[in-house]
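The same chain A turns up in both complexes below, where it pairs with chain B and then with chain C.
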Partner chain A sequence: MSQESIWDRLQRIDRRVIYWILFILLMIPFIRPLSLPVSIGPQSITFIEGLRKLKEGDVVVINISSGVSAWPECLPSLVAVSKVLIQQKAKIIFWTSFVDGHMTFEKIVEKVPEFKKLTYGVDYVHLGFYTGAEPAVAQLAKNIRSIFTTDYKGTPIDQLPIMKGVNSANDVKMVISSDTGDYCDYYIRQWRIPYGVPLAEIGIAMNFSAYQPHWQAGILFGVTAGARGGAELEKLIGAPGDATITMDSINTSHLLVIVAVILANLGYAATRRRK
Partner chain B sequence: MGYPTTMDGILGIWTALALMLFVYSYPLYKENQLFRFAEHFFIGLSLAIAAITGIQTTIRLAINPLMAGKVHYIIPILLGFMMYLILHRDYRWVSRYPIAILVGSSIGLGMRGTIIPNILSQIIATITPPKPGADATAWFNFVYIGIGTILAVMYFLLTFEHKGPLLYPTRLGRWVIMIGLGAYFGNTVLFRMAMLSGRAQFLLQVLGLVPF
Partner chain C sequence: MAEVVRRELVYVLTAVVVIIMIVDYFFAVPAISAIAGELNTWATVISTMALTLGAVNIIRVHSRNVRKRTPGVWYHSAWLIFIFAFVLLLGLTNINNPSANPIYKWIFDYSYVSLGQTWYAITGFYIASAAYRAFRARNIDAALLLIAGILVMLKNAPIGEVIWAQLPVLGGWFNDIGQMPAMRTFLIVAAFGLLAFGFRTLLGRERGFYGEVGGG
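Moving on to the complex of A and B:
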C-alpha cells in the first residue's frame, strides 16, 4: 500500500473539522477583540453625506425588508442611520414587508438611546407589515393610507401627528431600504424613478454587487455591504457598535477561508501532477 | 440591553440557544433527532406565523373595507379564493386567471421603472469618465468597466460562432463574467459568515462570556 502524502490527507479532511475550527475562530474575537482597521468605501461616505442634507422635519421612510436572521448584517447600519436621522431632526416612518419586521423596529429603538427623548407617533412611527411585493410598493407611493390604516399597535393612522400631510411618495424626502432580497429594486422602480425620491440601500453583503452599479449610476445615494458597511457607517459617525466588533470575527473567518482555498488548490495541483 | 432578568427572558434565550445548537448539530456532528425536531419546529412555527399574518392582512386590507361598504373589494377577495382552486384537480384552470392578473400587473409595474435605472443610467455611468483630478483607481475602474462591459456583451453574441476575430474577445468576456460572479460569490460568503458570527456572539452572550 502506497503511503499517503500530506496533500492527500489534506484533501480528505472531514468537513466537520473545518466547521468546528470556523465556529471557534468566529468566537475568539468577541472575547478578545483584535481591533483590526476598517477602511471606508465611497458608498458609505455618500450615504452619510446624503443623510446630512436632511432638514428638520423632513419625513424619511425606513423600509425593513430584512428579517431577524439578518440582524448581524443589517441592524448595525439601521442603528447608525437612525442615529444620524435623529441628529438631523428628521421624522422617521418605519414599515416592513417581513412578518418579523416589528422585532427589528423594536431592536432599533432599543439600541438607539436617542429614541427615548422622542415621542412615538410624533417623531417616529412604525406602520407595520405590508404584503404584496412590487404592486404594494407602487401603491404605497401613490397612497400610503390605502395600505396602512393603522400603525402596528392599532392606532388609526389619522390620529398620528407624524402622518399629518403625509399621503404619498411626494410627501417623503428620502427612503432607506434594508433588504435581504430585491425590495430595493421595487423602490427604485416605484419611488426613485417616477417620484425622484432619494434612495439608499442597507443590504446584506450578497446584495452589494447587485446594487453597486445603481450607486455608480447615481440612482442610489448610498449602499452598505452588510456588517462591513455597518462598521463603515459606525466609524463615519464616530459611534463604534456591533458591526465594528463583528468585523473582527468576520475577518478571522475569512482568513480561514483564504487558507483553506490555498491549501485545497495546492493539494489539488500536487495530486494532479502526480497522476 | 443587559442579560435578561425575568423568567420569560431567561427561558427565551436558553430555548433559542438550545434550538440553535440542535440545528448546528447537523453540520457539526451528523443528522439526528434533535436536528429534525428543530427543523420541523422552525418550519411549523414559520408557517403558523405566516398564516396568521396573512389572515390578519386580508381582514385589514380587504374584509374590513368590504364590510364598510366598499363593494368593489369583493373582486380581490374572489381572485384570492380562486387561487386556492389550484389544489383541486378539476378546477385547477380557474387559478390561472388570478395568477395571470398578478403576473401581468407585476410585469407591467416593473417595466415602467426598468428602462431608466437598469439600462439608460447604466450606459451613462459606464461611458462617463471620472471627474478631473480623480485618482488612478477611478480611472482604472472606468477603463475596466467600459472594456469589461463590451467584452461581456460580446460573449452573448450567440448568432455568430466564437472563432476568428471573436475568439479572444469572447474568451476575455467569459473571464470578466467569471470575475463578476466571483465577486458575487465572495459577498455571499461574507454574508453567511456574518450570520454565523451573529450566532457565535449569541452563544457567548447566553453563556455570559460577552455582554448582551
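Moving on to the complex of A and C:
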C-alpha cells in the first residue's frame, strides 16, 4: 500500500479539523482582542454625510427587511444610524416586512440609550409588519394609512403625534432600508425614482456588490457591507460597538479560509506536477 | 368554451392591470392613480391572506403525518403542531402587542433568536470547508478567480491592510473595476428582460404564471 505524501494530505484535510480550527480561531478574539484598525470606504462616508444633512423634525423611515438571524451583519449599522438620526433630532418611523421585525426594533431601542430620552409616538414609532412586497411598498409611498392603521402596539395611527401630517412619500425626508433580500430595489423603484426620496441601504455583505452600482450612480447616498460596514459607521461616529468587536472574528476566519485555500492549492499543484 | 372564456378573461384582466400600473407609474394621472392605489392595497390584502393559507397548509401537512404515524416524521410534526398552537394562543392573549406577554417574549428572545443566529453562524463553518475543498486553480480562469477572491477577502478583513497596506487597494480594484461593470451589465440586462416580460404579459404571450407552460 502506497503512503500518502504530505501534498496529498494537504488536499484532504477532514472537514471536522477545519471546523475545529475555525472554532478555536473565533474564540481567540474573545480571550485576546486584536483591535486592528478599520479603514473607511467612501460608501460609509457618504452615508454619514447624507444623514448629517437632516434638519430638526425631518421624518425618516427605517424599513427593516432583515430578520434576527442577520443581526450580526445589519444591527450595528442600524444602531449607528439611529444614533446619528437622534443627534440630528429627526423623527424616526420604523416599519418592517419581516415577521420578527419588531424584535429588531426593540433591540435597536435597547442598544441606543438616547431613545430613553425620547418619547415613543412623538419622536419615534414602530408601525409594525406589512406584507405584499413591492405593491405594498408602492402603496406606502402613496398613502401610508392605507397599509398601517395602527402602530405595532395597536394605537391608532392618528393618535400618534409623530404621524401628524405624514401621509405619503412626499412627507418623508429619507428612507434607510435594512435588507437581506431585495427590498431596497422596491424602495428604489417606488420611493427614490418617482418621489426623489434620498435612500440608503444597510445590507448583508452579499448585498454590497448588488447595490454598489446604484450608489455609484447616485441613486443611493450610502451603502454598508455587513458587519464591516457597521464597523466603518461606528468608527465614523466615534462610537465603537458590536461591529468593531466582530471585526476580530472576521479577521481570524478570513485568514483561516485564505490559508486553507492556499495549502490545498499548493498540494494540488505539487501532485499535478508529479503526475 | 367556458374554459376558453375563463382563460381569456384572465389574460384581459392581467393586461388591464398592467396598463393601469404602467400609466400610474409614468404619467401620474390622478384618476388612474386612485385605481392603482386600490389595486396595490388588494395585492397587500391577498399577500396577507396567503400567509394565513401557508399556516393552514402547514397544519394540514403535519396533521396528515401525525394521523398516518409516518415513520421518523410524525413526532416532529406533532411537536410542530403543539408549538404552533401554543405560540398562537399566547399571541392571541394580547393580540395588539404579543411582546407584552413575558412567556411569548421569552420564547422569541431565548429560542427563536438563538436558533436563528446559530443557523446563520453555522453557514460560516460550511463556507470555510467548502472554500477549502472547491477553490482549486485547475486552469488559468480558476486561478484568476482564486486570486481575485483572496484579494477581495483581504480587502474586507482589516487584517489585509495590516499584512500589506496595498492589499485593500488591490482588492478594491477587483471590486470597483472588475466586479462593478459586470454587476451593472447584469442589472441593465435584467431590467430589459423585465421589460420584455412585461410586454409579453401585456400581449398575453407570457402564460407561465397562469399555470400554463410556454407561450406564443
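The working rule: the second predicted complex is superposed on the first by the 275 of 275 C-alpha atoms of A that agree within 3 Å, B and C clash if a C-alpha of one lies under 4 Å from a C-alpha of the other, contacts with A are read in each partner's own complex, and residues count from 1 in each chain.
The criterion applied here is as follows: a contact is a pair of C-beta atoms (placed from the backbone, for glycine too) under 8 Å apart; a residue touches a chain by one contact, two chains touch by 3 or more.
This is a predicted model, so every value here is computed, not measured.
Asks: Applying the touch criterion given at the start, work out whether A:Asn63 contacts chain B, chain C, both or neither, answering first, second, both or neither.
Replies: Neither partner.
Asks: Which holds for A:Asn143: it touches chain B only (first), chain C only (second), both, or neither?
Replies: Second partner only, chain C.
Asks: Is A:Gly218 touching anything from chain B or chain C once the two structures are fitted on A? First, second, both or neither.
Replies: After superposition on chain A, A:Gly218 lies in contact with chain B alone.
Asks: Does the superposition put A:Asn265 against chain B (first), chain C (second), both, or neither?
Replies: The answer is second: A:Asn265 touches chain C but not chain B.
Asks: What is the contact status of A:Ala205 with respect to chain B (first) and chain C (second): first, second, both, or neither?
Replies: A:Ala205 sits against chain B and chain C alike.
Asks: Could you look at A:Arg192 and tell me whether it touches chain B, chain C, both or neither (first, second, both, neither)?
Replies: In the superposed model, A:Arg192 contacts chain B only, not chain C.
Asks: May I ask you to decide whether A:Met27 touches chain B, chain C, both, or neither, giving the answer as first, second, both or neither?
Replies: A:Met27 contacts chain B only, not chain C.
Asks: Does chain B (first) or chain C (second) touch A:Thr104, or do both, or does neither?
Replies: Touch status of A:Thr104: no partner.
Asks: Which holds for A:Pro72: it touches chain B only (first), chain C only (second), both, or neither?
Replies: both
Asks: Report, in rising order, the residues of chain A that make contact with chain B in one complex and with chain C in the other.
Replies: The overlap between the chain B and chain C interfaces on chain A comprises residues 15, 19, 22-23, 69-72, 100, 130-131, 133, 135, 138, 147, 150, 194, 205, 209-210, 213, 216, 225, 228, 250, 253-254, 257.
Asks: What residues on chain A touch chain B, complex-wise?
Replies: These residues of chain A touch chain B: 15-16, 19-20, 22-23, 26-27, 30-31, 69-73, 99-100, 110-111, 129-131, 133-135, 138, 147, 149-150, 188-190, 192-194, 204-210, 213-214, 216-219, 225-228, 245-246, 249-250, 253-254, 257.
Asks: In the complex of these two chains, what residues of chain C are touching chain A?
Replies: 25, 33, 36-37, 39-41, 43-48, 50-51, 95-97, 99, 108-109, 112-113, 116-117, 119-121, 124-125, 127-129, 131-133, 135-138, 146, 150, 153-154, 156-159, 161-162, 168, 175-176, 179-180, 183-184, 187
Asks: Can you check the complex and tell me which residues of chain B touch chain A?
Replies: 1, 24, 27-29, 49-50, 53-54, 57, 60-61, 64, 105-106, 109-110, 112-114, 116-117, 121-122, 124-125, 145, 180, 183-184, 187-191, 193-198, 200-201, 203-204, 209-210
Asks: Which stretch or stretches of chain A touch chain C in the complex?
Replies: 13, 15, 18-19, 22-23, 34, 36-39, 67-72, 100, 102-103, 106, 130-133, 135-136, 138-139, 142-143, 146-147, 150, 152-154, 194, 205, 209-210, 212-213, 216, 225, 228, 247, 250-251, 253-258, 260-262, 264-265, 268-269
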